[in-house]
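Take this structure first; my questions come after.
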Amino acid sequence: MKKVRVGAGSSGWPDYKDSAWDVAEHGDVDYIAFDHLAELTMAILQAQRARDPRRGYIPDVIPLMRGLLPIWKKKDKHFKMVSNGGGANPVRCAEEVFKIVKDLNLGGMKIGIVTGDEIPLSRIDELRAQGYKFKSLDTGEEDIDRIRDKLLCAYVYIGADKIIEALEGGADLVLTGRASDNSLYVGPFMHALGWKYEDAYWDRIGAGVIVGHLLECSSWSAGTCSNLWEEAEYPEGNPGFPIAEMDETGECVITKTATSGGLIRELTLKEHLVYEVHDPHNYIMPDGIADITTIKLEQIGKDRVRISKLGDAPRGKKRPDTLKLCLAYNDGYISEEMMVISGPKVLKMAERITEFIHRRLKHLNLKPREVLIQLIGFNSLQGPTVPVPDPEHEPPELGFRVAFKCDTEAEARECRVECGHLAWAAAGVGTAFTNPPGIRPVYALWPTLIPRDAVPLQLEIKEVK
Amino acid sequence: MKKVKIAGCSAGWPDMMDPAIEVAEKSDAKYLAFDHLAELTMAILERQKAKRPDRGYIPDVIPLMKKLLPIWKEKRFKMISNAGGANPEQCAEEIIKLAKNLGIIGFRIGIITGDDLPIERVKELRAKGIKFRNLDTGEPDIDRVINDLVAAYVYIGADRIIEALDQGADLVIGGRISDNSLFVGPWMYEFGWKYEDAYWDRIGAAVCTAHLLECGTWSCGTCSNFWEEVPEPWHSGAPICEMGEDGNSIITKVEGSGGLVRADTLKEHLVYEVHDPENYIMPDGIGDTTAIKLEDIGPNKVRISKLGNKPRGKPRPSTLKFCLAYLDGYISEYIMIVPGPKAYDMAKRCEEFFYKRLEIVGLKPVETLVSFIGYNALFGPTAPPIDYSPNELGVRFAIKTRTLEEAREARLQATLSWYAAGVGTAFGAPSEREVLALWPTLIPREEVPTKLEMREVK
Amino acid sequence: MKKVRLRDICWYRSGDKGDISNIGLMAKNEKIYQIIKRQVTPEKVKAHFKDWVKGEVIIYPMDNLLALEIVMYQALGGGATKTLRIDQTGKAMGNALAWMEVEVPDDFVVPK
Amino acid sequence: MGRKVRLSELALARSGDKGDISNIGLMAKDEKAYEIIRRQVTPQRVKEHFKDWVKGEVKIYEMPNILSLQIVMYQALGGGATRTLRFDQTGKAMGNALLFMEVEVD
């Protein structure tokens, strides 16, 4: 029975570099996958590259690789690596990694560079001219003409096709841009276990998609941000990253190294299986559509949980013929200010300051698009759902945060100064301030779909001896 | 008896502009005084000027003047301001340009310079034997920081203000003029007071009263213990003080403006940042704040008068307050919010986790502080015990390091500490800043030659 | 019958995708799963969140995990980059839902 | 002796900073309250109240004209506005913090 061990190496930017090195050193893995991209990161990276062609990849990839590649060499280059840290500039990222290989004289290395995920805006216009509508998955709006002139960039969540091809071509590291986090893991499973994009394999690819979902958020399946936060111990302060031992049939055991903190329990996996899944029967990914209700979890040892098929319902269906496309556009500016106000009667004082802000906005004829006031220590996380406060037990102080959304940066600044900072006038004595974060441009996202065949991908394998 | 009205129109930067406009339009104040400088503002403005020679003054003064000059044209009040900051000449230049295209001719400006000393001058004086002992910590001399100095400025008095008014200035603009002197100057000029023994009692009264005006609306119910009673603080009135030749005065505000003028709102400010109340040391004189009394004599009307026959002031000091600003590493800051029901325990776990992460990455910051917003961010060790279960707590990490790289690494580890928290944690925007530290000391008056230049809009 | 809060009988974790908030509500045992499957309805969830959830609420039961997958549209103030909320990615919406009360039999014992 | 009450019942406060010096104006609500705070709010007790937040000397000046005490605390703000790590860089809440202190009233 063929088996493969794939370890998680990162789940967004930033993450624990030392935990990735721990997986490489002690995880006895065949592959390590690194996801570095949150929903919005690509728009930021593309803006960086537009300003400076040497930038646009995830900067953290370099220190991460500098610590990882010596371990890779020590393990006589056994494990392969797959990463979407190339971002908007995978070619440049590969050059930087080759510099490390030379600096630390690690001998030869092959890097597979996957491109084609970024769609030039001219191509978007072409597709629209051909009658293709980019209907928003969020709001259902039919077409993008409302935002066309504000568009910054467009990128597609691509699948594992070129990752598999690169691994077949002997690549040690595969660098991509906007590869979906899931495909970074499904690629190695399919390559190592010989699965194909054909009907005989959708059930097993479904299992791969489910396990990919568990690994893509690294320590989040191993006790961090967990309901079991009180039990998860970190003696050395280094959270453990999950490792998947997948066999040919799609049955899998999730574990972690003994030298890392955190824990692998049925619940820590369950917590992530219910995270950002939407319709559990149709968890749509570029490489397959998984049905998360067809598997079961079983604790089979300390930090070892088996994921196996529940009944005979298939764990996955044929992959979709469209891919997720994200259009990023500029949508105004946000400014915010925070002060901390002192009791007694801190909640009443907060009401007074709130009234002050709205009256002063009117007094100065300022019209922000949106104003939000939140009380840190009381309702900033859970808003209107928090229970009515008990007057006997008021907090001694509260963070009073106000945020403004405006069309222009100047307006956002004026609102913040005149009605944010200067709102201390209505507060009682004992009010203090933090340095407000800078005014930030709002990058809005328009999620939609694009036909798979409208997104040709390229692979280039480079080598240094 | 001659009486003169001065309004306190700004407490710092930024501040509300509308109270100043309201005073200009609706009151008969003869002088409008504007303090725009907090302790550190000068150092920030010096660094701005170092980067761009055409900057270094308070930018808000231009939109303010744009609104005030047309009113000035009708009412001809006088204005005294320290908005010039590190670049009074450029500030005056901009105001002259503004006045020209508003068609306001004949507007006369007095520009006061000499309050900021070049760093080489400081080194010269140090070589001459002046040690510049630190008033805060008592450190005997500045040798430890002399190579990190970025700015040096003196709190100068009202001498040049009086001279400028004498030459018919409509606006007197300077840099680090002491907030107090912006008010004492005009009163000395109007009443003909001199820096001589016969006048210290009255100058002392002006010094104490000016302290109540230099923070603008802070004396009229803003940031007050009486916040629940203050009507319409969103358009708070600026304090207007009518002083007589005897040094007694009455403080009011524009009819119909928001805010509250009462003996106890003024008292709140009289006890603010005074230190030794019987020796309130200012460049123009030493005030005795225990020698005056405050009485409510009508709605929003308070009389300030002499209490008994103790003199209200003593001769001005032979030295001036001198501030040196120097670079002192970096501070990075990061806030995340952890949810209840065990928010305090969860916050403590994140703190413990953070200190372990610092060990792992081998980082030894100069100083770290983790505090919890909603519990002890303001009150530290004095915060009363938590006798309830907060819905959430802000966990604030603040780290001081020598270098920017260390500051970034420390903040990165703080960011990652939310992994140790339970589900439901969110985080705010992080920030890093360069630390400018202040070295307060004294400098002999004669080492600070100031200059006055008169200009007129033609 | 008596009332208990979801936070005493379930675990939860929430995340985001654009302006969609997605809560995983995990019953601590089979009996509790039947209770939440019946009482935690789209209408009650929407009422609980008041003006924070402006769009539709869809709930998918996951019998295999004794969990409900709760999907709430236009629930995050415009999405991570547009919302003014400090919790830009809705990490605490699960905790917020956990304040909701459900009815349980009087002899019901809250699990440790 | 009498019962213990928090200073906040007898006085109001407002605090500010000058470099690393925190300065609290403590205003008694009436004549009787002024006598109590004048006797019981001593440099020693203030220093104990602030624990490691006040590292330097505490001086207290009386202002009988306005029934207030001027409390000056050295090395009390973590290095001063630009150097302190505290949230309240300029010590605006030190007055409120002092009001948690207990005094005896008959």
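As written, the chain order gives the labels A, B, C and D, with residue 1 at the start of each chain.
By our rule, a contact is a pair of C-beta atoms (placed from the backbone, for glycine too) under 8 Å apart; a residue touches a chain by one contact, two chains touch by 3 or more.
Please read all numbers here as calculations on a predicted model, not as lab measurements.
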Subject >> Longest centre-to-centre distance from chain A, chain (CA-based) >> reply: D
Original post:
Which chain pair shares more contacting C-beta pairs: B-C, or A-C?
Top reply: A-C
Original post:
Taking each chain's centre as the mean of its CA atoms, how far is chain A from chain D in angstrom?
Top reply: 49
Original post:
With chain centres defined as C-alpha means, what is the inter-centre distance between chain A and chain C in Å?
Top reply: 22
**OP:** Please compute the C-alpha centroid of chain B, do the same for chain D, then give the distance between them in whole Å.
**Re:** 22
Original post:
Mind pulling the chain A residues that touch 2 or more other chains?
Top reply: 225-227, 271, 336, 340, 342, 376, 380-382, 386-387, 397, 429-432, 434
**OP:** At least two other chains touched by the same residue of chain C: list those residues.
**Re:** 11-14, 86-87, 91-92, 95
**OP:** Specify, in ascending order, the residues of chain B that touch 2 or more different other chains.
**Re:** 223, 225, 268, 337, 339, 373, 377-379, 383-384, 392, 396, 423-426, 428
Subject >> Interchain pairs in contact, sorted by label >> reply: A-B, A-C, A-D, B-C, B-D
Original post:
Considering the complex alone, what residue numbers of chain C touch chain A?
Top reply: 11-20, 22, 24-26, 48-52, 58, 60, 62-65, 67, 69, 71, 73-74, 77-82, 84-87, 91-92, 95-97, 99-100
**OP:** Report the residues of chain A in contact with chain B in the complex, numbered from low to high.
**Re:** 14-16, 18, 219-220, 224-227, 229-230, 232, 234, 236-239, 271, 336, 338, 340, 342, 345, 348-349, 352, 356, 359-360, 363-364, 376-382, 386-387, 390, 393, 395-399, 417-418, 421-422, 424-432, 434-435, 437-438, 440
**OP:** Within their complex, state which residues of chain B touch chain C.
**Re:** 337, 339-341, 392, 423-426, 428
**OP:** Flag every residue of chain B that touches chain A in the complex, lowest number first.
**Re:** 14-16, 18, 217, 222-225, 227-228, 230, 232-236, 268, 333, 335, 337, 339, 342, 345-346, 349, 353, 356-357, 359-361, 373-379, 383-384, 387-388, 390-394, 396, 412, 415-416, 418-426, 428-431, 433
Original post:
What does chain D use to touch chain A in their complex?
Top reply: 8, 12-15, 87-90, 92-93, 95-96
